[in-house]
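Next come the structures, one after another.
Next, two complexes with subunit A in common: one pairs it with subunit B, the other with subunit C.
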Partner chain A sequence: MLLIVLKDVSKTFRDKNVLKNISLHVAKNEHVGLIGLNGAGKTTLLNVIAGVIKPDVGFIRTYGKESIIEDHQSLRKMAYLSGTRSQLWEELTVKASLQNCMNMYQINPQVFARRLEQLQGIFETEAFMELKPGNLSLGERMRCELVYALLAEPEILLLDEVLIGVDVSIKHKIIQFFEADRKEKQATIIYTSNHLAEVEKLCDRVILLHAGEIIFDGKAERMISEFSPYYRMEIRIAEGLPDLEDLPLEKYRIDSDRITIDYDKQKIETTQILKHLMKKSKIGDIRLYEPDLEGTIKKIYGGREWKTS
Partner chain B sequence: MGEIRVVLQSLKMSIHTRMQYRVDSLVATLAVFIRESANIIAIYLALLKFDRINDWNVNEMLFLYSILFLTYAFVVSLFADLRQFSDTIREGRFDRLLVRPRSLLLQLILNNADLIASAGHGTLGLLLFVISAGRVGIHWDFVTVLYYIGAIIGGILIQGGMFIVFSSLCFYFVETGSIRDIFYWNMRKFAGYPISIYHKLIQGILIYVVPFAFVNYFPAQYLLRKEDMANYPAIYIYIAPFVGIIVYAAAYLFWRVSVRRYYSTGN
Partner chain C sequence: MRAYVEFAVKKFQDKMAYRLDFFMGIVNTAITIVVYLCIYKALYGGATEVDGISYRMVATSFVITLGLSNAFHFNEMFLEHKIHDGSITNEFLKPVSFLFRMLAENIGEGVFKLVFHFLPALLFTLLHTKLCPPKSAPGLIAMFISVAFGYLILWLISFIIQTWSFWLFSVWGIMTIKNVFVNILAGTLLPLWFMPTALRKIISFTPFESIYFTPVRIYLGELNGSQILSGIAVQVLWIVTLGIIANLFWKRGIKKLVVQGG
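Entry: the complex of A and B
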């Protein structure tokens, strides 16, 4: 069953083509990662799917509705959570906001209580209930927002940059929660992010958006194996020159005591390279650069160069 | 029914928030009351010099004023969120309302209800009513009481409708505060006096553009029957309570069209 269907959707804001001929289908229970650099059009695309923005041209159906926001029955099954736009009421305590949510989504009070307890356990939000959102840190607020969004057990979840400002331990918990959800197949989820690594764990499928166009749509593993740029290692040698000829490296350069190596993780592991190096030489210093999204985009475009930012 | 529950929930939340600071709320209410009373006292003292304006005596004019305050007491709580609606749009706080499964206006009505202003204006309105109503020779019977209640509800709807129209304009223009200041607050000041004392143009605006005349002047005419009513069609007295329904319905349609335009053209 296709929950979200877009065909040839375009949107222009003040002469800027924010979305160009976007076509995509999302099936029930699919977890899709929508990635792209800042300004690629991710949030606009999410807004189009949510019905908050109407496209200039093109066909759009979410839950079979052209404009889901005009149909409250369907809207009740969708949650749209954004890292930059709060759903909580600023003037109310978090608890009061959650009660408002119960009323708006017509959640049975017993179901509400049970569900709240469960979500509180996952996101550790009990301590924030009597506070107003303004008194919470970005990460704390985000956790409360997640509780709010998940209370009504939405079938479609649109998550826009929800891991921003969340500290590592909680980030891990959130990722775990959605990984579990992915296994249990409870919801259809679209995440936006500009971190490939974040999305990789959570999604069956990755859509890469660049300058308003979809330039990749497929499995995350395929994107990484086909288009992820090389890892780069920079080493300062303290003693002895290594022999790198036998290793399946993409490229290496030796500049007196400095060595720069580009390699593909599919072909060789970082530890293998290090082991090999340490056989003949002593390593003074080492730096690793992970491939970034920019590199991936360039590679998809055929460019071989990438920046080590 | 669900809709009513949501609105009542908003009211409950507003009361709850205010009650957390009881003393503050009481002092603030008193401040609103004193501020508005000071205006009235100044007007009262000025009027004592004239004795009558266009055949209206002081008590009759206080009665006219009491309707303005009583209706505003409801308006300021029911439509509180629409007062700063341009901020809501500008700061991007409106989009989140769109994705909630509830009517947009119902989400706004009674949210952030300004109960302090309500209490201040309401108390003053009641006080003016008590002072004047007994002295202006109204014969209160079932029909007049019914008419009076209808006129109050109509007055609330007229002003609510105006707030909705001003809010809808925020979807088209960035700055709408001055339009509201001119057409709401300035016209409301005019409505404190019998409109027959003004230039025809202002009378026209008060009857047909921002129909404050139907909030207090025509309803008061039903109860007081002053001579200056001869300047206007007699039917205006009788349709006054219904004008509110028409204004509110028209405002609601304009709101719907404007919201649709807002999200279809992009924001």
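Entry: the complex of A and C
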């Protein structure tokens, strides 16, 4: 079943083409990662799906509705969580907001209590219940927002940069939660981020947006194997110069005792390079850089002209 | 429906948490009433009646009108702030009507102020000023209904102006002008009995008369039997008319926001 269908959707704000001919289908229980640099149109695309932005041209259906915001039954099955906007009542305690959520989404009080306890356990929000959102830090607030969004067990979950400001330990828990959900196939999730690594863990499918266009739509593994740019290694040599000529490296530079190596994981593994280096020299220090999104975008564009806007 | 009642209850409970605000509200209401009563006592200068209206009737009218207008004061910049900071889109995603949610929360706040600001201030006033008792028990019940309808009229006028913030950068100025109109034309400053006949006639064609003056007249027994019914009917007519206008602006506003993206 297709929950979300977009066909040739375009949107212009003032003079800026924010979305250009976006066509997209999302099936039930699919986990989609929407990635792109700042200003690529990720949030606008989510807004269009959520019905809070109407496209200039094109066809859009979410739950079979052109504008889901006019249909409260469908809205009850969707949660849209954003790192920059709050669903909680600013003037009420978190607890009161959650109770409002129970009433709005018509959750049975027993189910609510059970679900709340479970979510409190995962996101460790117990201590914030009597506080108002304004008294919470960004990360604490985000955890409460997550509890709020997940209480109603939404079928569609739109997550816009939800890991902003969250501690590493909680971030890990959140990722674990969504990974578990992915296995149980309970919700359809669209997740935006500008971190390739985050999306890779959470999603079956990756959509890469660049300047309002979809430039890649497919499996995360495929994107990484085909388009992931080079890894970079920086090494400080303590003793003896290595010979790098016979390794299948993309590029290397030796600068007195420092060596910078760019390599493709398809051709050579990190450990192979290290073994080779250690044969002839002693290593003082190593630093590894994972490929970033910008590099991936550049590689997908390949020989094509590099567009920035 | 239950969700909306809960919104009102939550707001009511939230207000209870502010002790200082609670006491200051009583003091504020009591001072306003006392100051106005003193001014009118001086204006009456010992006379029992002016234009056929006794001091006691004026005092009663003032206590009801000022007490209600203090209690019915709510944040009129709510929608504007939601539009400016962009959080309005999140409100659209809640599976409830934003308009009714706003109304429910404002009512919750209004009921709180009625019970915890107005009632104590009223008791305080009764210590030093004699007021007219209600004319009859049915009249008192009719007055409560009329007060609720009066509130809806006041709320709808405010809401209509709030929706203009979809198009205007700020509605604060218009809101201030509106409040001046309400203060004068609804009889908050000067009871409508003392208005010039011509002005009184004009006011009777506006919704302002229905806000406080109709409940006051029902309470004092100035309106009887069928007059009460027609007074309330006029209120209902205004609620329907203003409701249609409010809905029109609201729908247009949403449409504009969804197309232009805030």
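Please note the rule applied: the second predicted complex is superposed on the first by the 297 of 309 C-alpha atoms of A that agree within 3 Å, B and C clash if a C-alpha of one lies under 4 Å from a C-alpha of the other, contacts with A are read in each partner's own complex, and residues count from 1 in each chain.
One rule holds for everything that comes next: a residue touches a chain if its C-beta (ideal position, glycine included) is under 8 Å from a C-beta of that chain, and two chains touch if they have at least 3 such contacts.
Keep in mind the model is a prediction, meaning the values are calculated, not measured.
When both complexes are superposed on subunit A, subunit B and subunit C end up clashing with one another.
Touch criterion met: A:A50 reaches subunit B and subunit C at once. By the touch criterion defined above, A:S86 reaches both subunit B and subunit C. Contacts of A:F59 after superposition: neither subunit B nor subunit C is touched. Overlap of the subunit B and subunit C contact sets on subunit A: residues 11, 13, 47, 50-54, 69, 72-73, 75-76, 78, 80, 85-87, 89, 91-92, 96, 99-100, 103-106. Remark: subunit A residues 11, 13, 47, 50-54, 69, 72-73, 75-76, 78, 80, 85-87, 89, 91-92, 96, 99-100, 103-106 touch subunit B in the complex. The residues of subunit A lying in touch with subunit C in their complex are 11, 13, 44, 47, 50-54, 67, 69, 72-73, 75-76, 78, 80, 82, 85-87, 89, 91-93, 96, 99-100, 103-106. On the side of subunit B, the complex with subunit A involves touching residues 2, 5-6, 9-10, 13, 16-17, 92-93, 95-96, 98-102, 111-112, 263-267.
Taken in their complex, subunit C has these residues touching subunit A: 2-3, 6-7, 10-11, 13-14, 86-87, 89-90, 92-96, 257-261.
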